[in-house]
Amino acid sequence: MTELATTPASADATASEHSMQQAINAALRTLLAEDPATLVFGEDVGRLGGVFRVTDGLQAEFGDQRVFDTPLAESGIVGLAVGLAMNGWRPVPELQFDGFAYPAVDQIVNQVARMHYRSRGAAPMPITLRLPSFGGIQAPEHHGESLEALFAHVPGLKVCSPSDPADAYRLLLQSVRADDPVVYLEPKARYWNRSPGALTEPDLPIGASRVVREGRHATLVAWGAMVHHCLRVAEFAAEDGVELEVLDLRWLKPIDTAGLTASVRRTGRVVVVHEAPLTAGLGGEIAALVQEHAFRDLRAPVQRVTGFDVPYPAGPLEPQYLPNADRVLLAVQRTLEF
Amino acid sequence: MTELATTPASADATASEHSMQQAINAALRTLLAEDPATLVFGEDVGRLGGVFRVTDGLQAEFGDQRVFDTPLAESGIVGLAVGLAMNGWRPVPELQFDGFAYPAVDQIVNQVARMHYRSRGAAPMPITLRLPSFGGIQAPEHHGESLEALFAHVPGLKVCSPSDPADAYRLLLQSVRADDPVVYLEPKARYWNRSPGALTEPDLPIGASRVVREGRHATLVAWGAMVHHCLRVAEFAAEDGVELEVLDLRWLKPIDTAGLTASVRRTGRVVVVHEAPLTAGLGGEIAALVQEHAFRDLRAPVQRVTGFDVPYPAGPLEPQYLPNADRVLLAVQRTLEF
Amino acid sequence: MHAEKTAQGIETGAGTLAPETLRTLYRHMLAARMLDGEAIALQRQGVFPAYVSLHGQEAAQVGSAAALDPEHDFAFPTYRELAVAVTMGVDLVGYLASHRALWHGGLYDPIASRFSCLNAVVGGPVPHAVGWALGERLRGGPGCAIAYFGDGASSEGDVHEAMNFAGVFGSPVVFFCQNNQWALSVPNSAQVAGGSIAARGAGYGMPGVTVDGQDVVAVFEATRAALERARAGGGPTVIEALTYRVNPHSTSDDAGRYRDPAEELRWRERDPLLLMRRALERDKHANADFFTDVEDRVRAECVRVRDEVSVLPPPDGSDMFAHVYREPTEELRRQHRVWRDEVEQ
Amino acid sequence: MHAEKTAQGIETGAGTLAPETLRTLYRHMLAARMLDGEAIALQRQGVFPAYVSLHGQEAAQVGSAAALDPEHDFAFPTYRELAVAVTMGVDLVGYLASHRALWHGGLYDPIASRFSCLNAVVGGPVPHAVGWALGERLRGGPGCAIAYFGDGASSEGDVHEAMNFAGVFGSPVVFFCQNNQWALSVPNSAQVAGGSIAARGAGYGMPGVTVDGQDVVAVFEATRAALERARAGGGPTVIEALTYRVNPHSTSDDAGRYRDPAEELRWRERDPLLLMRRALERDKHANADFFTDVEDRVRAECVRVRDEVSVLPPPDGSDMFAHVYREPTEELRRQHRVWRDEVEQ
């Protein structure tokens, strides 16, 4: 791993422990400092520093030309980014919450994802769309959605989601520096959890997954907040002598088919865990890839443990909606006993 | 099958040959005639009768209160439908083309699909959203998209797509009469193809697939215009002694897992064919279901022959983008030789 | 600063309303104020995970809602319309259940209450009001719809599409904007090009009315006039009530990060309850007894609502599956069984 | 009928423009007219699968585009801006390649041409213009953006969001609406609440200008004034050019189903080329030789463009894969190989 070339702005980014909120904030600082074309904007990202304080202090440091509030209109925000990109800027817009990305879907799908293609490469779209995502914080309606399947289906986009602070830092640097549009899904439920590890330069290529725990009996595939969840499940399972490998997918488009297949070759069994509803979720894609590329290695059907096919529920029902440890363990058991 | 109770309005709907455009037109006539709460509206559906003439003559027959043009605003059209439904109407809005459904995604996902749930059943949404869909007509940009994966992922929606005129008639009656919101995807490429068969009442439950050709070597799974395509492929294959079963999925949410599994039990091999891009397309869901429910019956990985992960291309490239007969046959060969 | 542009012209209580009506308006405002206070307390006690206060906006909400025909009209709220719910007689326990996070849409019946589900999508419900109103006219019914939305919401495309549709269709709908000067941390000056949402009306060929949102009578009169026009076939109206969000955006927000507390203080001087109480006293429409009495009764009611909402049973997980469809799918039934076997226990 | 509301005040050619400039405007209009005719012919011959004619809108397009600073400004077209492309010197073979369906965005370079890709999403490119303009101001550049859109597009939420953003940011952008009276089959009366898109400007605190869209000089002057204002930091302007789509919506459309041919005839009398030619003749800015000569030259150019676009090679399927990303993914490379193996042959 390359050590981070610290700028004064991101000095405390090298401290040994960070929350993901701090790590993303530090990454934005690094990016704003290193490239004067980078712009951060969205609803309440300026003076307030974002509802999750992810952009805290950036306006004070980089000025209200580089970091600014927009009116409350998601399609307008993304459309603005397209025009800025066409004029040579590197926009990093935030949409305030997952469920409020829907009004911007037209601009994202029909414009951001296609302008490079439509223009035969003349108009690159180096836009990174930050989207606080997923559930787990008992929030109001529309504040707990998982949109990865929607975006992963769109040609021209790349999609990633970090699972811990250090990786959040690396993935954001990589996303913003890339000249292709990236949707960067931030797991809200992990914003405040601190973990040790220096904030360093990206060390893996775009699209690479990570094995975050090795195991030999089955592979748990996850991203975002579900990675931490799967690590806990793996600890429970280890008490019973079941060694689960946990694969942090990181990139949801492109998907690391090689990494996935390699893990399945080792374990022969897969459980995909995601928060989004089951039907037509990304778990389907992963199951399809696994059975396609590792058919003979697969000793049991790929299991999917996901949110149910119901609209994201209110607070008290959230733990009953999200894949809980029991459901994952039962799926592991099913795959082991198949 | 029940015979259609013909109304004067749909008299020629019982003629022996129809195009899908005529069949859908006849279904709308039947629906407008049988339930005074039914409303048809959208861009250019009134005086013009729709850009595909699917609503031709309806305004003249039912008046401009029941069949009307709206301003050019897709989110507004769907939002209008929500309010109309809350006031007791049965809206059948049209969005002019697949690619112009994106501006309405927020109203579809956050409102149409959830109002029944949000209101704990107090506010049903008997809305059928008609969406001319898919490619194959060498049309301009945004006129060849496949949105089934997006909609199938949304809890609260149902999604279907007919493959022939008679089924288009039945599926539309069923969709509009249902008290749940349905997205009805019309394969534009099949609008003008005539086929024999009386227009009759729905005879299968919501969610049921149909085997449109029996075979024993492998199952082709398709919907919309790809069904016809697969039938042709099956004829080619038959010349070489390969008997392909063709399953017309019809409902993309809910998916007929039982029908799918039954077919796989018979053939042991599956090729899914769809126009949408591969990654996170509905083919992934189908592969996941098949391997989950028929793991031991499956003799080769489920193959997916789909559009490429590129934005839908312009006319001359369309045949190179869409799953052509060769690609399907090669996939069949791969699955047979696995 | 746009917060200064409040229309200060009208003195609350001036007008032709019966004293009885004026006292009712006051009572609704007081009920909303006190219930709002209870809700904030419940949030502090951890009963509500979060809450959005309408403190300061009582006159705008009560004045507009009181003008509705409770039998025939229909309101489309956002997430901040507690005082509208109070005025329309919505089941407040069911309403606050949403803030207790028991069920996103609350536990009241939106159709029976003629008050749509709470809606957190800023701008999203505005086209619904236009659809409802069009549907009413198509059937020849007498009802009007009212769409509540904020100054921030006015920036959303849906609000424009809705206004244009309403203008084209001549639908009986009132677009009621509570301009409380702030959309979370963003002031009007960085939100509303031109500075006036009422002024947008002209662009759609409909009247745009600016009203002092601290003056419940002025709001009532403006809304009543707009509803009368709509009911008579005169089409839609935009009303912009200039008011103020005295509290932070929500209990999770820290308004100190973006606005001057002095501004809050200035607006507290124009507290709508204070203004109305002064007017009632001045015009001798209410005496000390009335205020003691109404406070007692309202407090008792608030305590009942608070207690009841606090002890509502948590929702049953089965409800997640029960309300997705009118006709559930086989796959959802299967998932319901999975939930029963693997989650419920 | 809204088609009647054309501003008929200004006589084309009146003004302070140099004769040279006036002749250039005429030449661009003629070039667009003739190329449009060639395109229609190519569609009839089956070379183009479909085509959208701008016949009748030449003055609105040429007048506005000619006012742009070709070095610094940037235009965001819809799908009907052939005459803008002509005026801005866009590679017309590359432009028409889009109508031959060789590549959706055409084969010209939108950045080098300062003319964005053709865009079929009605309303969609309007916010792009605002973003481009904001970006220009952030860097201190002198450029302005111009967003072209139709009367139908004005109903889309994106147009509202864009206007509000531009107003709030004070961006140097001109919202140029060609109100050609029809959005496919829907007339203004069923599309534009209030009847005027220019009138919307006031709601955003920006000037809204209605101009006779058949009068190229009037359009030029109005656009030049708006651009000057924007360049000087005065912010955005809405211009509504009243014009007419003389032909059906596209070659696939049958206008006889929804409008009176008499209306078309009335507008043909105000043909912008005719008006301009009369004015040039009246003011002795051009003689018969000029018209013969310009027609010859323009015709030759049109023939060249027509011939070149007709023989452009079809796109290579590889291009589908080449342009998706700047940095292609491994998976896309794999699919490219599948295409090569299973499709190309």
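Letters are used for the chains, namely A, B, C and D, taken in the order the chains are written, and counting of residues starts over at 1 for each.
Note that a contact is a pair of C-beta atoms (placed from the backbone, for glycine too) under 8 Å apart; a residue touches a chain by one contact, two chains touch by 3 or more.
What you see is a predicted model, and the numbers here were worked out from it, not measured in a lab.
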B-D against A-D, pair bridged by the larger set of C-beta contacts
A-D
Label of the chain whose CA centroid is most distant from the centroid of subunit D:
C
Could you work out how far the Cα centre of subunit B sits from that of subunit D, in whole Å?
36
Can you check how far apart subunit C and subunit D are, centre to centre, with Cα atoms defining each centre and the answer in Å?
44
Subunit A to subunit D: how many Å between their CA centres?
40
Whole-Å gap between the CA centroids of subunit A and subunit B:
32
Each of the following residues of subunit A touches two or more other chains, namely 71, 73, 75-76, 99, 103, 106, 110, 117-118, 141-142, 155-156, 253-255, 279, 308-311
Which positions in subunit D are in touch with at least two other chains?
103-105, 121, 155-158, 161, 164-165, 168, 190-193, 319, 324, 331-332
If you look only at subunit B, which of its residues touch subunit A in the complex?
75, 99, 102-103, 105-106, 109-110, 113-114, 117-118, 141-142, 149-150, 152-156, 253-255, 276-277, 279-289, 291-293, 295, 298, 300-304, 308-311, 338
Mind listing the subunit B positions that touch subunit D in their complex?
43-44, 46-49, 51, 69, 71-73, 75-76, 99-100, 103, 138-143, 278-279, 308-311, 313-317, 320-321, 324, 326-327, 330
Can you list the subunit D residues touching subunit B in their complex?
49-50, 79, 98, 101-105, 120-123, 152-153, 155-158, 183-186, 190-193, 252-253, 257-258, 314-315, 317, 319-321, 324, 331-332, 335, 338-339, 342-344
Applying the document's contact rule, which stretches of subunit C touch subunit D when the two form their complex?
155-161, 163-168, 190-196, 199-206
Looking at the complex, which residues from subunit C come into contact with subunit B?
74, 76, 103-105, 107, 109-112, 116-117, 121, 124-136, 138-139, 145, 157-158, 161-162, 164-165, 168, 319, 322-327, 329-332
